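What follows is a short report on a single structure.
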Amino acid sequence: MQISARHLDNTTIFDVTGDIDLANSPAVRKAFLTELREKKIPRVIVNLQGVKYIDSSGIASLVEGLKASRDLKARFILFGLSKSAREVLQLSRLLKLFEIYENEEQALSAESV
Amino acid sequence: MQISARHLDNTTIFDVTGDIDLANSPAVRKAFLTELREKKIPRVIVNLQGVKYIDSSGIASLVEGLKASRDLKARFILFGLSKSAREVLQLSRLLKLFEIYENEEQALSAESV
Amino acid sequence: MPRRQLLLRIQLMSNPAVLCGVRGAVSPLAGAVGFGEEDCHKITLALDEAITNVIRHAYGGKLERPIKIEFHKVNGKDAAKAGLEITLTDRGVKPNPDALKGLPPGELRSGGLGLHFMRQSMDTVVHTRVGSTNRLRMVKYIR
Amino acid sequence: MPRRQLLLRIQLMSNPAVLCGVRGAVSPLAGAVGFGEEDCHKITLALDEAITNVIRHAYGGKLERPIKIEFHKVNGKDAAKAGLEITLTDRGVKPNPDALKGLPPGELRSGGLGLHFMRQSMDTVVHTRVGSTNRLRMVKYIR
């Protein structure tokens, strides 16, 4: 798993590639929380296009990001979910709680809901 | 691994998908030899686009096809090699002995060499 | 065909770094048994969650503790429809039976999804304690 | 870091149907050790060929005979550069030392490529006989 950040005005985009599992979900969570809680970035966007596999520990990292964003009135947005990542979010019954878009363009241009 | 055949005038095209290894290379070999030796098809084309992995037992099946085609003055043509299939043929130092094309169109239109 | 055929046995240490290797093994094995792509993913997820729970809960996150996994091809009730049985064995603490009931999904809670994923993905999920070992048996049949 | 760390142990029966499962395991393991995609493919090929040889030659194609595989992460000479050590153990016939020399590649011959692939793909390939078991040790280091 690799995670890297692109910094735009008031926005950080994380590009994640590889499987997210117990071996690396703590690093993913930490990246999200640093951006939201410490750097107070108002919009964090997560590019999951390169993530072919995610398990409950990965979902938990996304949930931590979403919860932190709600506490801080920031936005936490996902895009580029693979079929299997979507299936897992569906199984978790959390799909509707996340702001999810098809691609980066839509994620960047979407108005706050 | 799945192998299926399309029959054209004087030509059979085999579409192979999946890994070729000891579990299925005997079936692949048999398909080639039936077409060449029993049905006397003068041109057998093998579509390897869906083959992401092949080992020495798979290469041996291709070699058997090539040898039978030489005996019978038929043609035995490959196309759609993945990077890793090409690497393995390279390792075997047999790459130059096979007639290999990029895609089906080229394989069908190529003159006998 | 025998009713129960050993396909593979894997032993690993309770180290999250090797989860990827176990996932890599189970998906093609399930495919070879006859499962389609979506089921292969579900079986992979269930096994990943099961190992994750052993590492985190049975072994409290400690590395270098042994985990054993066995994969058997089994017959379904309809003998034509095979299944895959996965058994995990560890020497960690006994789970709390109440905790093993799991939590309802759909809540913004960072955790509590593993058992739900396992039960959604497999037809059978049974935890037992045998002496000083925990055994988890999961089975899925081809539909 | 320990000089030699067990990553995974796999036991299988000499059945070609489960080769796919072993390949599925080794490639992500090699990736986790730090190998790039092309090396992961080479390591996978070497292990596939080694098991294929055990099934065909050591066990003469008989199914249901035991094969054991161990994966260790090892240090290179330069300790920063890790390697992957794979050991295979079987209880089959002793190989003919002359046959193990292998044949030159590049000839239109249906066979005789397995050892060549193994030696091209790995840094070390050593067959030994220990009592009534055959041991094969293969190592590859990150460049």
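General remarks:
To keep things simple, chains are lettered A, B, C and D as they appear, and every chain counts its residues starting from 1.
Keep this in mind: a residue touches a chain if its C-beta (ideal position, glycine included) is under 8 Å from a C-beta of that chain, and two chains touch if they have at least 3 such contacts.
Computed from a predicted model, the values in this text were never measured in an experiment.
Note on connectivity: the fewest chain-to-chain touch steps from chain A to chain D number 2. Relative to chain D, the chain whose mean Cα position lies farthest away is A.
Centre-to-centre separation of chain C and chain D, using mean CA positions: 27 Å.
Inter-chain spacing, taken between the CA centroids of chain B and chain C, is 39 Å.
Residue positions 17, 20, 23, 32 of chain D each touch two or more of the other chains. Residue positions of chain A touching 2 or more other chains, listed in rising order: 23.
Pairwise, the chains that touch each other are A-C, B-D, C-D.
Put simply, chain D touches chain C in their complex at residues 6-13, 15, 17-18, 20-29, 31-32, 71.
Contact residues on chain A toward chain C in their complex (touch as defined above): 19, 21-23, 53, 55-57, 59-61, 63-64, 66-67, 84, 87-88, 91-94, 97.
Those residues of chain C that touch chain A in the shared complex are 16-17, 19-20, 23, 38, 41, 44-45, 48-49, 52, 55-56, 105-106, 108-111, 113-114, 116-117, 120-121.
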